[in-house]
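First the structure, in the form of structure tokens, and then the observations on it.
To keep things simple, chains are lettered A, B, C and D as they appear, and every chain counts its residues starting from 1.
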Amino acid sequence: MTKVFIFSSLSLIFVGLFGVLTRKNIVKILIALNIIETGINMLLVAFGYIEGGITPILQSDLSIANLNKMVDPVPQALVLTSIVIGLGTTAFALSLAMRYKNTHNSVSIRAIDEEGVNI
Amino acid sequence: MIELLFIPLIATLFLAIFIKNKKVTWPLFLAVNGYVLYKLYSIYGMWSLSNKFDIGYEILGAKLTLGVSNNPIGWYFAFFSALITFIISIFSLGFNQKSKENVSVIWMLIIFSNLGIFFAQDWVIFFMMWEVMGWTSFFAITNARDKALDGAKYYLALSLIGASLMLIAISLLGAYTGTFAITPSIFGLIQVINSSNKIGIVILLLFLTTFLIKSAAFPFYMWPQKVYAEGPEDYITFMSSVMIKYGIYPMAIFIVPVVGSIDLPKILNTGNILQYVIGYIGAISAVLGTLLAIFQTDMKKLFAYSSVSNMGYILLGFASMTIVGFEGSLFHVVNHMILKAAIFLTLAAVVFRTGESEMHKLGGLVYRMPLTFMTFLLGIIAAAGIPPLNGFGSKWMIIQALMSRKMVVFAIAMIFASTGAFMYLFRALASIFLGQLPDRYKDVKEVPLTMALPMLIMMVLMLLVGVVPGVVMKPLTSALKAVGYNVEVASLTVLEGSLKNATIDLKIVFYMFVAGVIISAIMYLFGNKSETVPQNDNYTGGEYPEEWGVDADRFNYSYAFYQPFKEMFDPLLEAISIDDFFASVGRNFEYMSNEVQALFKRGEGAVLLFSIGVLLLILGGLII
Amino acid sequence: MNSIVFLVVIPLIAAFLSLFLESLNKATMYIVTLFNLIFSLAVLMSGNIPFNVAIGGYRAPFGINFVVTDITIYFLLLVNIAALISITMVKNIKEYQFYSFYFVLLAATNGMVLTGDMFNFYLFTELSTFAIAGLVAYKRDRLSTGAALKFLILSSTASLFSLASIGLIYKTLGTLNFADIAVKLSSLNQASFNLIVILFLSSMLVELKIFPFNLWVVKSYEGSITSVNMFTHGMLGTAGIYGAIRILLIVFPNMYKTNISTVLIILSFMTVLIGEVEALKEKNLVKVLAFSSMAQMGMFMFGLALGSFESIKGALYLVVSNYIAKMVMFIVTKQYSNAVDSKNYNDMKGLGRKYPLLAISFTIAALSLMGMPFFAGFWGKFSIVVSALATGKLASIGISLILIASVVEGVYYLRISHTFFSEKDVNNVNISRVYCLVPFVLAILILAIGIYPSYVEQVVFNIIDEIKNAPDKYINIILSLK
Amino acid sequence: MKDEKSLFINILALLILSFMAFYIYKVSIDTGDGIKITDNITPQKRVADRYLKKNVVDENSSYKFGQTAEDTSANIVTSVVVDYRLFDTTLEVIVLFVTILGFGFVIPKDKRRVLKPSVILHRWAPLLMILMFMIGGYMFINGHLSPGGGFPAGAIISTAILTGVLAGRKTVTHKTLKVVEAIAGISIFGIGIASYLIKGVFFQNFLTGDKIGDLFSGGLIPVFYGLIAFKVAAELSNIYFEFYEEC
């Protein structure tokens, strides 16, 4: 199972990278970035996964006895953080994109920054 | 010892503070130069003086100490540089009354670096002073005027390239010989080369290139004409007479001993390859400088090329690798300092009074500026190497040395260059001072006293050194003896050649010359008198070329003076011009610049480039 | 010394408070910056260095820790001094967001220098990225919006790479602590190590302005106000340099055994070439400075990529020189461009005659960047040249190219200072004399380091010593703490 | 946008990506010495082992369900997020803070047309909101026992506020949100500093002695989660308010 997880997350990353590299529309680029980010998050979780693992939540003494079978909690904690960062990036970049549309009258990343009046 | 360096540095600070007040700066400048001259005079013979500074910086695993020490050859250069500088600074006193800019601050800094170069004990401090000279010269040449910017940029680029090469050379030298000190590194480098290590030759060539750049020798002969044409005249006098010798000094103390004692394949049993390399560079510089000087219309450019050719003579003297040639070269250094200073002072005086440096627009100034004319006359006689004045002795020694080593090609080149020198020198004399005075210069007056005095001193110096070469040769030979060369201390008037029975007593030559002067004076007094007509009658046949929309100056006899000669040599000059190369480098840089700029302007391919960068790193990772 | 965490916490609290303080924000900014500066000075003076702080009471490989060693404290001081000097350029800014961004940036850069944990470092980097992006967008016009957006896209791509790298590190080594990673890396196989290094390095090079990664630099320098430029240069740049030194030299020293360092050498001298050639044609002074700072970082990276202690020493000297010199140049640029209301240096003619202190400071800074002797930059250039020539063929070619490029640098910088001094009537221009003093003092500092580098040498020696004896001086300090 | 069809860029990107993929494949099949990326490392060889065993401070300690331990959160992910690596979490809050701040800073404040909410939504919104508040509250209170925590809780609470806004109900003002955000943020660091004053160590979980599995266990974890929840809620709500502010 781990291999499937890793493979699928890697493909997500590559799809996203392809998008970032080829798209010119800023919104599409941001979507592609989000796809990469999802891929990376999945990858991190997959790194912590063990075959037939159980959730790292203690419910009774039984789960304490099964500590060895628990999946790694640290990647999950990291992913929690990275999700928030992704959210922040997206929000900030989208608002910048709105401002960009306002000033450049375009959402293409090829729009020239230098010339023209400041709006 | 150390105060010799510190006084100019402190003076720089004071000059900077009083920069707006010319009445303070130039006298102060003169005073400091006088002090330096006196101090140098007083430390003659004290070769053990030295100072070391520990700056706490470590390199190659050892603490770097910077040291300056009094050394004979350095003293020889420093003293005569200081002498000429002192005389020029008297001239500056009067010359700078009108000018808006004030070059004295930067100039003082250059004098500081000058002393540092001559008394450097190790290559690091030598390099530091060398670099200081590079950028300060930039500011001195531009002197805050835009028209001089191009020449100054050219000079700056060249000297920075030279300094970079030297930095590489010094680093290699330090790594391979384990020392940065100059004297031990000579022996170290000889050992490195003799153990058939190619890196030694590379080091030597890197050093040589740097020094050639500074001394305006063959591939780098373009900067003097660009710089001298636009820089402030009094500073240019200093530059052409003193600063251009900075490249010669390290050659004398480093290149010559090394090239003289390494085992390399010999050519025709006369000298090793490197000797011939230096020789050919010298010969080409001498010939090329002369040829180019002949074709110039700007007098400052003319004498710029004359400097190139004189540097060629000095290199030829080095190339002979005989003691007479070496002495001759070092003697020529001082001779050239004196005569170039004399000539450039007169040019500065002419520019001061007329504001013009194109020769065909001048003429007849002999009637208005007789003292300037006299100085110029003596200067060009000296430059042509005619006996009673100072250029003769050194050239004679160099040719003697070349002949004794059977380097006939070089001797021929040198004789050709010396002969060619007559052509341009006479042309300058005829165009500037002889002929007819243009109407616009009717009211030109002789220069004021502060400027006349240095010219007088120069005349005296030229005659003195010409007739009594001992005043220079004595310190020189004792300096060489102190360093360890096997030489006799020279007598006052007699020069020793290296061929059999080749000695020359300049006293006798002087007497003969005096007799000649007396005869020609008699001829002048009793001969026919000339008649004066207005200038335009003479060369436009009474017409007014302005009416046809043509500049009358073009019809002056001194415009395109040597046209046939020029047509003869033009193809050759075009073929060897290195300026196109530099220009094309510049163009390519600009082209590249445009391409990359487009990249940075958009910023759109940022991620693409990012991933290409990642790919490059991956390539590094794949090749384990 | 647990209180070292205040360096991060106080600015963050100030960031929250700045939402309400309105006109008091500027005073708070000075107070907080001064607090950080004085606190880090006190730490330097206290004599407790090196020490390790476990945040939350959990010891090093398990909890997050702040480490203060010689390298840390010097870079901490550099960051905070840069902050103090930069905020003197802040004027007439009403938006509270600017101050919040600044506080976050201050906390983030301090944190980047202090932290001993990979993921924590990543978070601080992200924080500083967002803060800088916000600050770059401060003008909210066409130029700055585009610049901020492009910077954000590039740096978030880069951060995803480094996140992947951190994930791989955790997967293979099972730890996130710098010291622990450094210890365990030796048991990792070469290919995996390369992948990790490549991913992490590529994200770090974005901040270090190395060529194919640096397309944000010029835009964001051009689009932002001077104080933000100084934040980018003095705070983010310095913290990035710290990251490079800490991570490349102490955590990933095995990188020097692979060809990645060779690629780094190539990339860095390409950066120098491109930066210098670009700057030659540029007329906009701010862009000239941006290109030149790229080139300087290339030179620094070259020294670092060579990997010998001699060259690292040179690189550190360059850091000091570039740090001070660029600061001077930004201040001078700001004063002059405000005076003539143009960023083209050809419009700034004659200003050097009326305000010579500024122009002289600029010239000194330029000469230092060119690596002229008697200025701080020379010692760096000298060390790097010496060690590059001893390293090998590629490095020798690289250093030759760099030296030729530095000729170009010399030409354009001295042309600019010549322009300052050339003649033009500038009577209607007014610059406060107080602002002339700061750059001049900094310029004197450059000169002092250039003439007598002993004090800097001591600092550099301590840093090199820590790199040389990383197991004793860094790793064991962290891992031995109970 | 025409440029998107650029074949050259597409092919270049494909080449780059295939090269990267090839490299990753190459790394994964490498047969060198030492640990490899493809190796299956169990948590027992990682720092996570100590988190699971809750013996970071004292190596030989062990714990039982219902007893006390060095960290009494039953959800071990939570114990990593809010205890062992608490500092990361506080920074993450700052990341959110700074990005939302930037969001509000650069977003163009032009006029937008607001649709009138439907009656159904307007009527039912309070009920929905109460439910959402309850779920959110449950989330952060139970974060140390079950999946959940401050961030999802904050998101849910902010959704409640969004619902209120969409329904045209009066919820909270922008100013209140700012105050909540700042107070929550400062309190997080305040507790950190308090821990320094009490224990001499920043961000230490200084409420100890409770038992694993209890509602009131995990020491400061519920407190932190509560603060984080309010802060996240305030910040996310801010986004909605930025859009509505100028209407």
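Heads up, the rule we're going with is that a residue touches a chain if its C-beta (ideal position, glycine included) is under 8 Å from a C-beta of that chain, and two chains touch if they have at least 3 such contacts.
Everything numeric in this text was worked out from a predicted model, so none of it was measured.
A count of C-beta contacts for the chain pairs C-D and A-C puts C-D on top. Per-chain Cα centroids separate chain C from chain D by 31 Å. Separating the CA-averaged centres of chain A and chain C is a span of 28 Å.
Here the CA centre of chain A is 14 Å from the CA centre of chain D. Centre-to-centre spacing of chain B and chain D amounts to 74 Å, using the average Cα coordinate of each chain. Residue positions of chain B touching 2 or more other chains: 603-604, 607-608, 611-612, 614, 618, 621.
Along chain A, residues 17, 20-21, 24, 48, 74, 81, 85, 88-89, 92, 96, 99, 109-110, 113-114 each make contact with two or more other chains. Among all residues of chain D, those that touch two or more other chains are 9, 12-13, 16, 20, 23-24, 26, 43, 46-48, 51, 85, 88, 92, 95, 98-99, 102, 104, 106. Interchain contacts join each chain to each other chain, per the touch definition above.
Across the interface of their complex, chain C is touched by residues 13, 20, 26, 29-30, 33, 36-37, 40, 43-44, 47-48, 74-75, 78, 81-82, 85, 88-89, 92-93, 96-97, 99-100, 103-104, 109, 111, 113-114, 116-119 of chain A.
Contacts from chain B toward chain A in the complex involve residues 601-604, 607-608, 611. Per the touch definition, chain B reaches chain D in the complex via residues 608, 611-612, 614-615, 618, 621-622. On chain C, the positions that touch chain B within their shared complex are 146-147, 150, 153-154, 157-158, 161, 190-191, 194-195, 197-199, 201-202, 205-206, 210-213, 215-219, 258-264, 266-267, 274, 277-278, 280-282, 310, 313, 353, 367, 370, 372-374, 378-379, 381-383, 385-386, 389-390, 399-400, 403-404, 406-408, 410-411, 414-415, 418, 421-423, 451-454, 457-458, 461. Residues of chain D that touch chain B in their complex: 9, 12-13, 16, 19-20, 23, 26.
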